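When the chains are written out, they are named A, B, C, D, E, F, G and H in that same order, and each has its own residue count from 1.
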Amino acid sequence: MNVLFDHARHARIGLPEAVLCQGKDPETISRIVREHALGAPILYTRLTPETFARLTPEAAASLNYHPLSRTAWTGTMPQAPRGRVAVVSAGTADGPATHEAARTLAYLGIGHTVYEDRGVAGLWRIGEHITEINAHDVIIVVAGMDAALAAVMGGLTPKPVFAVPVSSGYGASRNGETALFAMLASCAPGVTVCNIDNGYGAACAAARVVRLLNE
Amino acid sequence: MNVLFDHARHARIGLPEAVLCQGKDPETISRIVREHALGAPILYTRLTPETFARLTPEAAASLNYHPLSRTAWTGTMPQAPRGRVAVVSAGTADGPATHEAARTLAYLGIGHTVYEDRGVAGLWRIGEHITEINAHDVIIVVAGMDAALAAVMGGLTPKPVFAVPVSSGYGASRNGETALFAMLASCAPGVTVCNIDNGYGAACAAARVVRLLNE
Amino acid sequence: MNVLFDHARHARIGLPEAVLCQGKDPETISRIVREHALGAPILYTRLTPETFARLTPEAAASLNYHPLSRTAWTGTMPQAPRGRVAVVSAGTADGPATHEAARTLAYLGIGHTVYEDRGVAGLWRIGEHITEINAHDVIIVVAGMDAALAAVMGGLTPKPVFAVPVSSGYGASRNGETALFAMLASCAPGVTVCNIDNGYGAACAAARVVRLLNE
Amino acid sequence: MNVLFDHARHARIGLPEAVLCQGKDPETISRIVREHALGAPILYTRLTPETFARLTPEAAASLNYHPLSRTAWTGTMPQAPRGRVAVVSAGTADGPATHEAARTLAYLGIGHTVYEDRGVAGLWRIGEHITEINAHDVIIVVAGMDAALAAVMGGLTPKPVFAVPVSSGYGASRNGETALFAMLASCAPGVTVCNIDNGYGAACAAARVVRLLNE
Amino acid sequence: MNVLFDHARHARIGLPEAVLCQGKDPETISRIVREHALGAPILYTRLTPETFARLTPEAAASLNYHPLSRTAWTGTMPQAPRGRVAVVSAGTADGPATHEAARTLAYLGIGHTVYEDRGVAGLWRIGEHITEINAHDVIIVVAGMDAALAAVMGGLTPKPVFAVPVSSGYGASRNGETALFAMLASCAPGVTVCNIDNGYGAACAAARVVRLLNE
Amino acid sequence: MNVLFDHARHARIGLPEAVLCQGKDPETISRIVREHALGAPILYTRLTPETFARLTPEAAASLNYHPLSRTAWTGTMPQAPRGRVAVVSAGTADGPATHEAARTLAYLGIGHTVYEDRGVAGLWRIGEHITEINAHDVIIVVAGMDAALAAVMGGLTPKPVFAVPVSSGYGASRNGETALFAMLASCAPGVTVCNIDNGYGAACAAARVVRLLNE
Amino acid sequence: MNVLFDHARHARIGLPEAVLCQGKDPETISRIVREHALGAPILYTRLTPETFARLTPEAAASLNYHPLSRTAWTGTMPQAPRGRVAVVSAGTADGPATHEAARTLAYLGIGHTVYEDRGVAGLWRIGEHITEINAHDVIIVVAGMDAALAAVMGGLTPKPVFAVPVSSGYGASRNGETALFAMLASCAPGVTVCNIDNGYGAACAAARVVRLLNE
Amino acid sequence: MNVLFDHARHARIGLPEAVLCQGKDPETISRIVREHALGAPILYTRLTPETFARLTPEAAASLNYHPLSRTAWTGTMPQAPRGRVAVVSAGTADGPATHEAARTLAYLGIGHTVYEDRGVAGLWRIGEHITEINAHDVIIVVAGMDAALAAVMGGLTPKPVFAVPVSSGYGASRNGETALFAMLASCAPGVTVCNIDNGYGAACAAARVVRLLNE
């Protein structure tokens, strides 16, 4: 498998290249890491602990790896002077997507705070931090199952809200499709939605807004 | 079309016979009304204004009709001494199912209060009435689109909660299936769910509980 | 992964905290057990034998574990003076959800009887116990595949009926969605439905009714 | 639109040609009727009253039309000496498919009895006629919504059972797909299933068995 | 898990008890085999080689096991004097369902012939045996992917045809749902359909017809 | 609504501009016709008789309209010297898509023959013309319901086969999705598939091959 | 139907109240218009020409109505000093959603430019305006069918991109779900998605970003 | 399992027999290889490295195996004098289907070039090779997720285009169904589609066109 890197992408859309590791075998990932170890920083997503453990020792050693978020990088981007992002999640099952978003923001040099376990079954968990959350410039909401947190947050903040549905739960959760459709159908206006479990995508969406603030 | 009435059902399960008018033509409904006009009370559901207008004048005259809920009856059941039900809905689009539940409760002789337009995009709408709502014995929650109200209510009340998903909205609302699945996947424990738009079913579920309180 | 416990939930909705183990690794579960071993009772659901075997010996030792139901607890709630629940299942494949319901009821201090293998392909299996079943206050029906038992039971009892669809079977059973939809579409009025395999949810719904009887 | 008739089909598979009127305009149907008025009997299915009313007077006059079943014919087949079919339906909403099956049997010259309104919500409706029903050679079961009647009947008869799911109901009935899947997943062994609303197909399946009895 | 056997089923519907092994662990199956080893014959279906290898030696020794069909029995029923069944399959991927049907017929004492690899991509494969196939009393058609064989066979035989969709293939085959829907939508009249991969069900359907021929 | 025409498309991909009329109101279509009446030929697809009847008289007069195929044009392309296409359909319900393909071929100047009513329920209908059909260079197969004709034809011809699923039928036909998936899953190798009812697309695919033959 | 207006929403989330007219009858809408005619500006969405024509003359007269976008207002918000939005659509069938977005932006006082008919089948249509489009602060992309425009635009701009799937097309377009899923699965990072046909939602998302620029 | 080979297929449709290894165990495949080792060349598809490693040494030794494409052969067909195919893929995740197409073309003796990693997120990747790609006679496009490459390529080439959707990605990619539907709904006319991941099928479709060029 030949991999063509889009070196111009950073210049064109302001987001550096990322490597989706899902569907790639350890040999391919190790080779990519080796070939790009000395170049510009690269973010690796969906790199499971199982696959990470099977990389070559040299590849593994050159990566900053974070198991919960399944992300790794060979360096990060310079810190953005303006723009902070709040990452708010509903439950512990949302951990991987929540921290994929947080790690991608860290990689992109964007300041952020993570608020976990703020599901709507206990509304006071959100209420007691809403002023603090609203002091950020962009809100990322991560939630699975009924995803009610997205509607609730969308009604409590004037900031851009990017919602990440999560594939947790079982049965009627339908691997995250219920959360996805519920977020899209939400009556809180102006909440937009990423692919299921795509914390990386939400961080990139936030980065597009943050970039605008820094122009 | 021959219609066999289950006269023993009231004795057996405590719920009198109801006639689902959807899929029946005006002639059939008129005949059922005429044949049973002098007997025990009967509830007619999903009787649209269009169909009601095409009933025979005699049939129409013997019915107590309520267009928004699309229900009619030829009499109501005796009032239950104990048990009150709160019917809480998220938005105006939930009107038909909300009032189908309320009218069925009225027909079954069960006291109830209707709280409309309590969607989670404005949480204060729920908060300001939660104590009053919790003074009821059973809660029926009616909501479409993301149905976040069911999860929120389920986390605010210890009472039995019956959730009715509604087929309002468009696109990702998927004719009520998103609300249905979101209610089933809700992390608020012990919330159970009726068929889409089935306010009648929620009222019957409430009636089963109320009956228990009156034993 | 940080876990915020909702200590006020018991007071607010009458149901103590439960921990969904699915999607949590053995280390996280062991840590939760250790930190809460001396506090209020906690119920753990969807704790598979495989995961239980990988808990720390201390965590495993402090848990009352039941493999078929995949539940564990560190103590149970005081016995409720009033209210008994019948748990009726269609076939042996319904065992996990049936016993998840029964164990949750035991944890919540609610008296109950389990009736297994009462599928409608042999109607006499239900008929011979219907009077005994109807002597309970709440009925939980657990069934997979065509879930016909829910409709049949709903027509034979005046008590509140909570139906649990089960993901057994293959092909047209669609991992429990056929049972789910069949239960929702059932013509027996007032039967309400839980998520697929969610015996815990049905027990919580029953507990809401039982709580009402004890007010 | 040119229509090629398969004149050899009767000889080959024992079932005469039928014309599915759905999707054909009144002009085309009128022309088919006229061209075949003097030939072998033909059955017309899914001929709605609206379309029938727009046929040419000559075409309408040469047809034996039955509005509820939406069928018409220009003659019937000779009576089969052996084999009787019971057509059992769950509710009045099953009328069109039930009578499409009955009329097709009449057209094919096969003796039959129709039992309507035998839904499982009232089990005694089936119980009181089961011996009489079992005196037939083939059973056709017509049911919508949860279709529990198919499983119940399959457990009460040793005869071939052909199940017809019906597109009645709303929401979770999913236009008959819930009934279809529930019938296929039924635990009563040897029940086979036709397309949704396809009473014609069930009658043809019965005819294949009846033909075997007359060999 | 308690297992109630329906001993009266054979008398009532002419089909002896069968045990669906899928979803049962080796201990449960071994116990069932041991407890019923001396009683009436029992058929075990969906007993994979992996599970069979984990039965107790005693249980394994008392079973007549056939790996491809994943069936086992402890004895067979007496041979039926009349009625023969043809089992026709489209490709080698249909082997498990094809032989589940054939083994169930053998267990039920019904004569049968298996015709494999008769897919419609090579029509001559069917044509050269159609007269021989039509000499049977009932036809079972087993096919996956587009399942075109069911429509073709339905147009070539006057005998009862029971179609079994198979979950082979990938992508658009959708785990057998495409074959299922194609068989149901088939324009060959009177073909009825079993659950996906349910060769056992097709054999039971055939047995209901064969029983009629032996009355 | 502003409409930008892609005048360079003909040069670039060899297919002239076409106007999809579905979703456009009569005023918009009339304006497009008027503005382009004197220019290069344009094909209009999915122009229903109802919409055609509401065009301005000038627009209607400048169009060559064909109601069954719902197509119109203001002129045709020059005749291609090489390449002939056979359009084979399964039943009369396939008429609109069949003739949309044929009319598009006529518009594109490509010779073709239409073979209707060749469904596989009567295999001789195909067999008697297969040599004649194989004398064409490209085969378009149009079929709904189980779409078995596509697999059969794919096994009988070495020529490129483009399959058009049709939204006829009901229930399990699922508005053409069953035919679509069956065609994609077909075991006849090298059959490729167009969108449901898209006779225009199949003709364009054929035109790409015919263009190659004329290079 | 009682309608509770959320008067505090503007202050809380910076977006004024909007009225979704779909599912409301002309009498209800007329009453809302009359009661709020003198108050703060209100936006009405999904107000079809058919419904608008049935409003009371007074209601109709107080509305600024735009049929293609199906929007109306009783006044607009003050112009935002900073922030401009580009609305880019793929084809003429995207008109309603495109102009719903544009009208909502106009109502919210946000400068914007509309670029229609920029589908990827003719890439030069996008290429020739990309620099001009990139001079805006936020990009809204409206596209149906395969929605390839969203991926292409996402790869050509560093600005926030909000994608609106459209329910145009037929068959495989699946009423906009294909466009929805394709936009969510897009490999262009940081593109987020609104509900199908929800131009209003995309404009609200853009307004959240524009509000940030004006802080 | 008996395997009937269709030896006449090559003569009839110009495509030699291929063996789909998915769903066959190593013993069956080894036997097929042994029995046909000396006969005409055979192509084996979907032969995973895991299965290949479990073939008998003799079988493995007689096969030319290619792990990424999961294909093997025992010889290839003679080289076709005319006709060249371009295989263009969007990303590295498309490798298996891309190389299944390429290997099938090699087996069929058809010249071809592979262009990988040409996704639309970087349009210049396509633009810089479009003239070279258009010098081929047939284009195969392989793409997953939003599959936008198919629409873009279809608008840039007049050659026959066969599109292969790929099951890469997650969430909204829906195992390749989003790519499948997007390709079918593509507004680029005359692009036809194969089953998900079916590079073999696309190569066979190309071979049908190449065969025409060599007539």
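Things to note:
Following the convention adopted for this analysis, a residue touches a chain if its C-beta (ideal position, glycine included) is under 8 Å from a C-beta of that chain, and two chains touch if they have at least 3 such contacts.
Every value quoted in this text rests on a predicted model; they were computed, and no experiment measured them.
Listed here as common contacts of subunit F and subunit H: E, G.
With respect to subunit A, maximal separation of chain centres occurs for D (centres as means of Cα atoms).
Among the other chains, the CA centroid farthest from that of subunit E is the one of G.
Of all residue numbers seen at the subunit A-subunit H contact, under half occur in both copies; the interface is built from largely non-matching residues.
Summary of the copy comparison: rotating subunit B onto subunit G for the best CA superposition needs 90 degrees, to the nearest 5.
One inter-chain figure worth recording: subunit C and subunit H are separated by 49 Å, centre to centre, where each centre is the mean of the chain's CA atoms.
One finds 56 Å separating the Cα centroids of subunit C and subunit F. Centre to centre, using the average C-alpha position, subunit C and subunit D are separated by 42 Å. The set of subunit H residues touching two or more other chains comprises 9, 121-122, 154-156, 171-173, 180, 184-185, 188, 195-196.
Counting only pairs that meet the touch rule, the chains in contact are A-B, A-C, A-G, A-H, B-C, B-D, B-G, C-D, C-E, D-E, D-F, E-F, E-H, F-G, F-H, G-H.
The touching residues of subunit B, counted against subunit G in their complex, run 68, 92-93, 95, 116-117, 121-122, 124-125, 168, 170-173. Chain contact summary for the complex, subunit H toward subunit G: residues 90-91, 119-123, 145-148, 150-152, 154-156, 169, 171-174, 177-188.
Interface residues of subunit G facing subunit B in the complex, by the touch rule stated above, are 1-4, 6, 8-9, 20, 22-24, 28, 46, 165, 167, 175-176, 180, 195-198.
Residues of subunit H that touch subunit F in their complex: 9, 12-15, 18, 137, 154-162, 180, 184-185, 188-196, 200-202, 204-209, 211-213.
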